[in-house]
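Here chain A shows up in two complexes: once beside chain B, once beside chain C.
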Partner chain A sequence: MWLSDGTVAHLRAVADMPDSAGTRYRILEPVGRGGMGVVYRAEDAALDREVALKVLRTPEVQPDLAARMLDEARILARLEHPGIVPVYDAGTLPDGRVYCAMKLVRGRRLDEIVTPDTPLTERLRIFRRVCEPVAFAHAHGVVHRDLKPANIMVGEFGEVLVMDWGVAKQPARADTPHGSPAHTATAGTLHGTRLGTPGWMAPEQERGDVDAMDARTDVYALGRILRFLLDIGRAAPRPLRAICERALSSDPATRYDDAEQLGRDVDRYLAGAAVDAYRERVWERAARLYARHRTAVLLVLSYLLMRILFIAFG
Partner chain B sequence: MHHETFPPGTPLPGGFPLTRLSVVAGTGHDDPALQREAWDALIRAYWKPVYKYIRMKWHADPDAAADLTQAFFADAIDAGFLRRFDPSRARFRTYLRVCLHGFVANARKAAGRQKRGGGYRILSLDFAAAEGELHRVLGTEHDPERYFRTESIRSLLGLAVSALREDCRDRGRETHFALFERYDLAETGVSPRPTYQQLADSLGLTVTQVTNQLATVRREFRRLLLEQLRAISGSESEFRAEAIELLGVDPDDVAL
Partner chain C sequence: MNKAVLGMIIGGVLGIFDGLSALVSAPETRPMITGIVIGSTFKGIIAGLLIGWFARKVDSLAAGIVFGLAVGLLLAFLVAAMPSATGEHYYWEIMLPGAFVGIIVGYATQRYGRPATGRAHPGLS
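What follows is the complex of A and B.
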């Protein structure tokens, strides 16, 4: 039987299409593809709304990923934060593929939305909003482990969402014996396994050193993202470069402890205050204080000038 | 040859009765009947890609390419060079192509060797149909290696469609297959894909029945396709990688 190129492509897509017959979801179209599966725009018939349906590619060939996807769903269900995509439902489709229904995010990826024309302060505000959900996750003992611009969505109204928590490291469960793999990492993450994206991973992650991965591993990736945002525009001021360098330290002990600490240092820069990562010189301090309190300084100088003129000619 | 076991109960195509081995491994089985069935299944999956590859790569004329194709599989059976396949070093499809290179080089040195048939009855192969298919791409495809892969996928999908037709007939699901044929096998370059309403009208069904039956038959197609792929893969890891590549089509490039 001869199959044309068009039919071959269609049959491959048909075989890849999830079978949602009998479920509340009607698949509409694929909107993205990740390491674990495909994300579809789907209609939730029960609630009459559109959702993002993340479906594992093939259960026959990726049995370990099914557990990881359910892990991701459980992590997301626990992390209720405006910067983290809410999960609505998870389960198994009639064809055996694991799925996860999430809020359908309408927006663009960070690396698509930022251009050289984007002002530095705007880029930093976006970065700060990236730090917030990551800090929230860190406070709950969750480490994302795959932070990169492609996993950050910026919505129509400037809202920032951190996506793809599929390789996140979970906190230890109370009923899990200390030292067991489940105690230290997501199911399926064994020592020596490299999870994440080359170019955005911390050195300990590159080595697959699961025990060494903690919030500071995400701090490293955030440092990469900050550098990405700074490199898009003109040369960044020294304090910002210092923040980057501290976040990107090869030694986790000299990085920021978590995303919250990193975010606060960026806040200090935005507020015109001294940042922790940079010891400024006297003239730099004076220039910063002048920039921060320019109106007050000018008023005082004007007053002093008037006094001098009054004394001299009065 | 390294025999890698598959999970018990793994169905294989063409009635191949082994339940623990792929057909690749089955070609080296001690039981001649099982070995024969494994070869039949393997040749069914690869003869067209091999024929077309010989035509494109070495510019052999149709008769010479047909002889070389027959002789290649006869030699594979007689000499048993597929037994040297090591799944840790290459995918089976790649190994087959490398073997083909060596075979054609030797055959060209020793004229007359093409006539070897080894007494083994090769499946009746429709070379005229393969030639017709080849003419559809001549002048547009210039990379024989890429074409070999494309044709391997086309052959695999064709086998899965054939298996689906048999499966539907055996289960009394002729209407299911008719829906699949009219909707998913439709040549959209000629006319647009029919709507579910049009399908329902033409087959005396409701739209809901069309939706459900199409979902069922597609589920079966997916299962049979993966069975076929598993059977002609050299190892479980090769099957996984091939399945991801086969089904991992970029949604942006595919009109759904």
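What follows is the complex of A and C.
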């Protein structure tokens, strides 16, 4: 029997669809693909709402990937933050594939939403909102390890969500099912394994030096994201370039300690204050203070001018 | 810094400067300069206190500047209305700087300084 290419493709797509029969989820359509699996828009019949169902790509038993997806679900469950997609449920479908049900985020990726017309301050405010959930994760000992614009979603109302925590490194926890220190300390990553996205990885991550990866590894990726945001528009001011350079230092010891510290320096720039990463010259300091207090300076200068005029013509 | 204290400091500093400027703009006042500086400083402090108090109550840059201008002009008028030893009045020389001081203090107390801490909601007390 002869089948057309279209028919074969359709049959293959149908065969690839996860079997959610007997579960509370009804799969509607694929909405994204990642390294580990496919994300589907699905209907949660129990709560009558739409969810994002992340399902491992193949039904064959893949203990590493399955464990990693469950690790991601556990990390997300621990990290309750407005900037981190909440996980609702995790388990195994009837066809043996591991799944994870999460909030369905409606929005666009960072690299799709930012254009050369986006004002610098708006780009920096978005970046600041990216730093917040990452800083929250760092405070809980979790390192994302795959930060890039494609993993950052900007929602319909401007909310920023950091996605895809599948290769995150989490601290050792003796009470987890994967209780061995070697596993929990690295979320199952063996030394020498390169996880992440080329072009966004810190040097220690490129080398696969798992032990050297910590919050500063994410700081490097955030530096790349900041540079990406700055390069879209006109030439960035020196303090911002200095912040980028410090975050992108090849030596982790000279980077910011974590996303919180990096975010605070960006905050300082936004507030018109001096940033930690840049030692400004006297004239730059004067120009910054003038820009920050322009009206007050002009009022005092007007007062002095009035005094001079009184002396000259009084 | 408390807005009222900030207003008093700025008003006081500008008052000292105002008083001392008389040495240049009206050299004949040199014998009375101490009294002029004290009076001018006192006027500036009072203006700063009133304008700073207003800034704690009303959070509006425009209203703060208008109130500062009114207070500066009023206090300067009270001083200018007093004749000098020669019987002259220096309305222009006193009221214009007074207006400037009021505007500067009005702007500064609205823009800078710690606002008043919010009171508990009546329904929660």
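We adopt the following convention: the second predicted complex is superposed on the first by the 297 of 314 C-alpha atoms of A that agree within 3 Å, B and C clash if a C-alpha of one lies under 4 Å from a C-alpha of the other, contacts with A are read in each partner's own complex, and residues count from 1 in each chain.
Quick note on the criterion: contacts are C-beta pairs under 8 Å (C-beta built on N, C-alpha and C of every residue); 3 or more make two chains touch, one makes a residue touch a chain.
Predicted model, so just to flag it, every value in this text is computed and none were measured.
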item	value
Clash-or-fit label for the pair chain B, chain C on chain A	fit
Which superposed partner A:29 touches (first chain B, second chain C, both, neither)	first
Touching partner for A:95 - first (chain B), second (chain C), both, neither	first
First, second, both or neither for A:46, with chain B first and chain C second	neither
Which of chain B and chain C A:305 touches, first, second, both or neither	neither
Chain B versus chain C as contact partner of A:286, first or second or both or neither	neither
First (chain B), second (chain C), both or neither touched by A:6	first
Angle, in degrees and to the nearest 10, that opens at chain A between the C-alpha centres of chain B and chain C	160
First, second, both or neither for A:16, with chain B first and chain C second	first
If touched residues of chain A are counted for chain B and for chain C, the larger one	B
First (chain B), second (chain C), both or neither touched by A:295	second
Per-pair minimum CA distance [chain C against chain B, superposed on A] in Å	54
Set of chain A residues, in rising order, touched by both chain B and chain C	none
Contact footprint of chain A on chain B as seen in their complex	129, 132-133, 150, 153-154, 157-158, 160-162, 184-189, 211-212, 215-216, 218-219, 221-222, 225-226, 230, 239-240, 243-244, 246-251, 253-256
Footprint of chain A on chain C - complex, ascending	14, 21, 24-26, 93, 96-97, 100-101, 103-104, 107-108, 111
Residues of chain A defined as touching chain B within the complex	1-4, 6-17, 19, 21, 29-31, 33, 38, 57-58, 60-62, 94-95
Touching residues (chain side chain A, partner chain C) in the complex	295-296, 299-300, 302-303, 306-307, 310-311, 314
